[in-house]
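Each of the next two complexes has chain A plus one other chain: chain B in the first, chain C in the second.
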Partner chain A sequence: MFSFSVLAQVFVDGIGLSAIYILIALGFTLLFGIMRVVNFAHGAFAMLGGYALYFLYGNAGLPYLVAAPLAALIVATAALVLERLVYRFFYQKMFQSMIGLLGLDMAIMYLAVIAWNAEERSVPPGTDALMHVGTLVFPEQKLIIAGIAAVALLAFFLFTHYSRYGLAMRAASQDVDIAEAQGVNSTSIYRLAFFIAIFMAALAGGFYAQTYALSPFAGEPQLMIAFVVVILGGMGSIPGVALGGLLLGFANSFLGTFYGSATSIFVSFGAVILLLIVRPWGLLGTREA
Partner chain B sequence: MSKQSTIDSGALHQGIGPRKLGERPARRWLTHPAVLAVVVLALIALPLVAPDKFILSVAVTTFITAIAAASLHLIVRTGHVSLGHAAFMGIGAYVSAIATMQMNLAFPLALTLGFLAPAALAFLIGPVVLRLTGKYFVLVTFLLGEIVRTVFVNWSSVTGGSSGISGVPAPSSLFAQPVPFYYLALAFVMVILAFIGRLLTSEIGRTIESIRESEPLARCSGVPVLSTKVAVFVLGCGLAGIAGALQGHFVHYIDPTSFSVDQSLNLVVINVVGGMYTLIGPIVGTLFIVLLPEFLRGYVELQHVFFGIVLIIVMAFFSGGIADIRTLFTRLSQERDTRRGTR
Partner chain C sequence: MRKRKFGTIATRALCAGAICAVALSAHAQEVMKIGVIASLSGGGTAWGLGLERGVQIAADQINEQGGLKLAGKTYKLQVVPYDDQYNAAQAKTAADRLVNRDDVKVIFGPVGSPGAMGSLPVTQPAKVIQFVDGYAPAILKNEWKGAYVFRINNSTLEFSEPIVDWLKKTYPNAKKVGMIAPNDATGQAGVPILATAYKNKGFDVWTEHYERGTKEFTPLVLRMMAQNVDVFDLNANAPGEAGLLVKQARQVGYKGLIVQSGGAGIDELIAIAGPLANNMMKYDVIDESLPRVQPFVALYHKKYNGVMNGLAPVYYNAANIYFEAMRRADSTDSTKIRDQIEKLGGNYDAPIFGKVVWTGEKNYGVNHQLLHTFVIKEVQNGKATVKAVITP
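What follows is the complex of A and B.
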């Protein structure tokens, strides 16, 4: 059961899952860290990303490497309307944002049911090719997902650490008032952070739809993933997301393969609840006063 | 946009946080004894006026939902919003159904078990999860609800898996008829609501309020914060179990989806939309959430979209809920005044 080839398979699966999980959770933690918004509608945007990929790649037949980023871009741009209409009223209001955005989640989910019915669809993988390394065989799709995710994460890191806007974003996350006093336009910074967060969620949603299946309800498990990863790593902590995503991705891949998906849900949720009780601010988060 | 952000020591200080001094709830008349008496008499008379099976079943659903919503309200009053409340309803429903069907226990005994089982679970986890503040409590209860639902789905030898348990018997042959069951449900809802209402206006109620307003301050004043919260949580979860058990014996069928996150969410919506500061809130919310869909039948998806938008609007503009709509108007006019003042 624990033979080398199976373990290698589990390892590659773990990398693919981790990449998706990190992308979803990064946007979630960004919105929390900067705007103090608990984005319960995060899964809904990921689900929309799945549909965008379904139409652009599955139906219109654009080349995969164009369709995936374009789908995320479309969703993120359209979401800016919601930023103006909904999110702006919830910035810096943690409690209200939770319940209000649950409402948004519900509205988007059922609008999707009305628009595209509740049927499950599948998005074809970017490539069917298999890669042979010695005696091991891996689907290239997993590696492409991990590759795109790595590029997105690297771009995000470079952006936040080496650009003026990234600096302004980090300043706003530490203290909005003082950042504003230094000339940071918090409204536009918030809009930018929102755009980036939704872009990553939608990108991840596309990959998720390819790995599992696509339906208007596909957002729920993704929201759960964002929760678990962010709690594991610590709310608002970006290195925490990387750690949490890897932990959950590998745990799910390992437990799911050997013990079934129900066990994997139990163990991961149980571990998170234990962690919350012992160390609510997460593995890499900072303790709140 | 930057008024708060430093005080978050315990309670969720904004949503259900302190209300301003001297700001009186705008719906005193709703709790006037005369109004209550009229409502109770009307409910007692309803089956005589309209012995229609459909109306009665809608009414019973309303009662059961009101019990569940009020039991969540009790917990919300301590400053904790549980997103897994339907799981406790579900435990009550499953325990009561299994007790009557497989152990052949009498209905009152099964119902008692349906109260005790979720209460016992709440007693076990309460002391641990109630130490968590605001957002962490919401997240943990959300995950707990999912875990319980996963148990319902996967423990199929006992719970019947995702197809659930059908043929849950009525409390007795008498209560298999719609009218007697209506009165049974009415009795339960009145007793439970009266009990919760009495509890909240008693000294315990004031202790609960003080915990929500400021936990550290309550602790300094000698309030046993954690044990009070655990007691309220245990009671709330037990009452939710009763609601679940009644639902099982009324619909004669239970399955995991009726106790999923969606249902938990509905209960939160009811409390938020109706208003979280008084017991009238969840009752008004229940009427809104249960009765409105009956008029929107055939447009199930649209209903959810509508509720979602209502939730956004309520949370963005008036967290006092529908029952507190007057405050919204006063606030709007105040805001207009201040805006005029600054110009």
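What follows is the complex of A and C.
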């Protein structure tokens, strides 16, 4: 069982899982990090991203490299209405945001059931090709996702640390009053952060739909994944998302292969509980004052 | 003046008479509710929609012919579906609603064993006739002696040995079988039966279970591959999960044979797995190319878009059996109808599977198992073609 070829394939598989987990969690951690909002509707936007990709790529047949970002753009743009009507009332109000956005999540989910019924659909992958390296097999679709995850992480980091808007976001996240006194327009900055977060959620949702399945309920496992990753890595921490995603992805791959799915789930959630007890701010998060 | 008064009265009398005639004719045609419990969301949706649509088409045909005539009354059939999400708790809730609120005398479904087992404690004491196709033996062999439940599709007990025989003859070099199954009544009931059939023919068998709702199977598939299996049997996995299992198995480099012993329909699996489904073999209950099935296929595509799951003709067949039994009983009494259903064995040519054959006394203690011919299909380039026709 513990042969080199199996271990190597487990490692390769772990990369694929980690990449999709990181992409799913990025938008979630951004909203918390900047606006202190626990976005329980994160999965709903990911699900909408899946449907947008389904209609643009699966049905309308647009080229994949156009359809994937366009789907995320459409969802993020449409979500700006909800930013104005709903989210803006929850910025810096963590506990109210949990309940309010849970309600929003349900509303969006069941609106999708009414619009598109509950039937599971399949979104074709960008490519069915498999890359063979010796005995190892790597689906090219997962390679694309891994590449995008790496680029997204780097882009996020560079944006938040070296761009003017990114620095303004960090200033607002540390102390919004002081930031406004320094000339930062917090409303615009929050709107930008929201747009980026939902764009990432919708993009990840499209990849998830291609990798697994699409239905109005497809957002729920994605929300769970986002939660586990950011708790592991630290709420609001971009490097934390990378670490959390890698830990969860490799743990699921290794434990699931060698010990079965029940053990994998038990250990994953057991680790989350343990971490919440001993280090609730996560591995790379900041301890709250 | 008198003439105008008379005209007004006459007009009003005529109108009143017309209204009464409409009311009476509406009253003469009562509504008979037909219950459906089906997985209308989740991985089993293809089956659930197939079930619902098959029954609906049968009901529509009768309504278009003026309704179902029994004991001097004419009934308009109304199909009432509820979603059980392929689990026992939801199926029980759905059965409660249908039996106690909607007052149905028959329920078609649920599709899978979890739902079937969840609904029987409600339907059987109430003497509501149920047509199911879950594979668990306990659906028929139970404390109610299967009195009011019929299985309208081959189960694992009926098809496992013929399929394993066929596999042994067609792939004589295959030695080890791997099965990954859901950790619920479907997997727990069906897998041991299949495993026994394989072992009786000299195969080694490895099995692993997952929680229903899982979408990421690559760790389990890697675990299976480490066992050096030659045949990956998808057993009774729902179309959504089966498609993902096929796709993910090929994506991690599994090169052996993939078969599915169980589960109706193949189109959704092909839609999910795409070209990675090539060369797989699958049990199916019918094929659209068969002459008996073609009229139903035409009816289906006239009413519905998208692919047709194999359970649609299966439940159309079952619905016709039920309505024929009602006509012969000339009654809405479920015990009389149940007795007539049993007597249809050898005496009724059902539209899809032909002459009705009831079996099951030896395995379940009651002859409420429909036995029918099935097919093995091979997938190539997005299409499934019949490779073998097997009569159990």
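Everything below uses one rule, namely that the second predicted complex is superposed on the first by the 283 of 289 C-alpha atoms of A that agree within 3 Å, B and C clash if a C-alpha of one lies under 4 Å from a C-alpha of the other, contacts with A are read in each partner's own complex, and residues count from 1 in each chain.
Just so it is clear, contacts are C-beta pairs under 8 Å (C-beta built on N, C-alpha and C of every residue); 3 or more make two chains touch, one makes a residue touch a chain.
Since the model is a prediction, treat every value here as computed from it, not as a measurement.
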Let me test your reading of the model: by the given contact rule, A:V86 touches which partner, first (chain B), second (chain C), both or neither? first
Have a look at where A:F157 lands relative to chain B and chain C in the superposition and call it first, second, both or neither. neither
For A:D128, decide between first (touching chain B), second (touching chain C), both and neither. second
First (chain B), second (chain C), both or neither touched by A:L111: first
First, second, both or neither for A:Q9, with chain B first and chain C second: second
Is A:F258 touching the first partner chain B, the second partner chain C, both, or neither of them? second
Shared contact residues on chain A for chain B and chain C? 113, 262, 265
Touching chain C in the complex: which residues of chain A? 1, 3, 6, 9-10, 13, 16-17, 113, 117-120, 122, 124-125, 128, 130, 132, 135-137, 139, 142, 212-213, 215-217, 221, 252-258, 260-262, 264-265
Touching residues (chain side chain C, partner chain A) in the complex: 40-43, 45-46, 49, 83, 208-211, 213-216, 218-220, 222-223, 225-226, 240, 243-244, 250-253, 268, 271-272, 274-276
Would you pull the chain B residues touching chain A in the complex into a rising list? 1-2, 4-5, 8-9, 12, 14-17, 81, 128-129, 131-136, 138-140, 142-144, 146-147, 150, 153-154, 261, 265, 268-269, 272, 301-302, 304-305, 307-312, 314-317, 319
Quick check: in the complex, which residue numbers of chain A touch chain B? 36, 38, 86, 89-111, 113-114, 176-177, 186, 220, 224, 227-228, 231, 235, 262, 265-266, 269-270, 272-273, 276-277, 280, 288-289
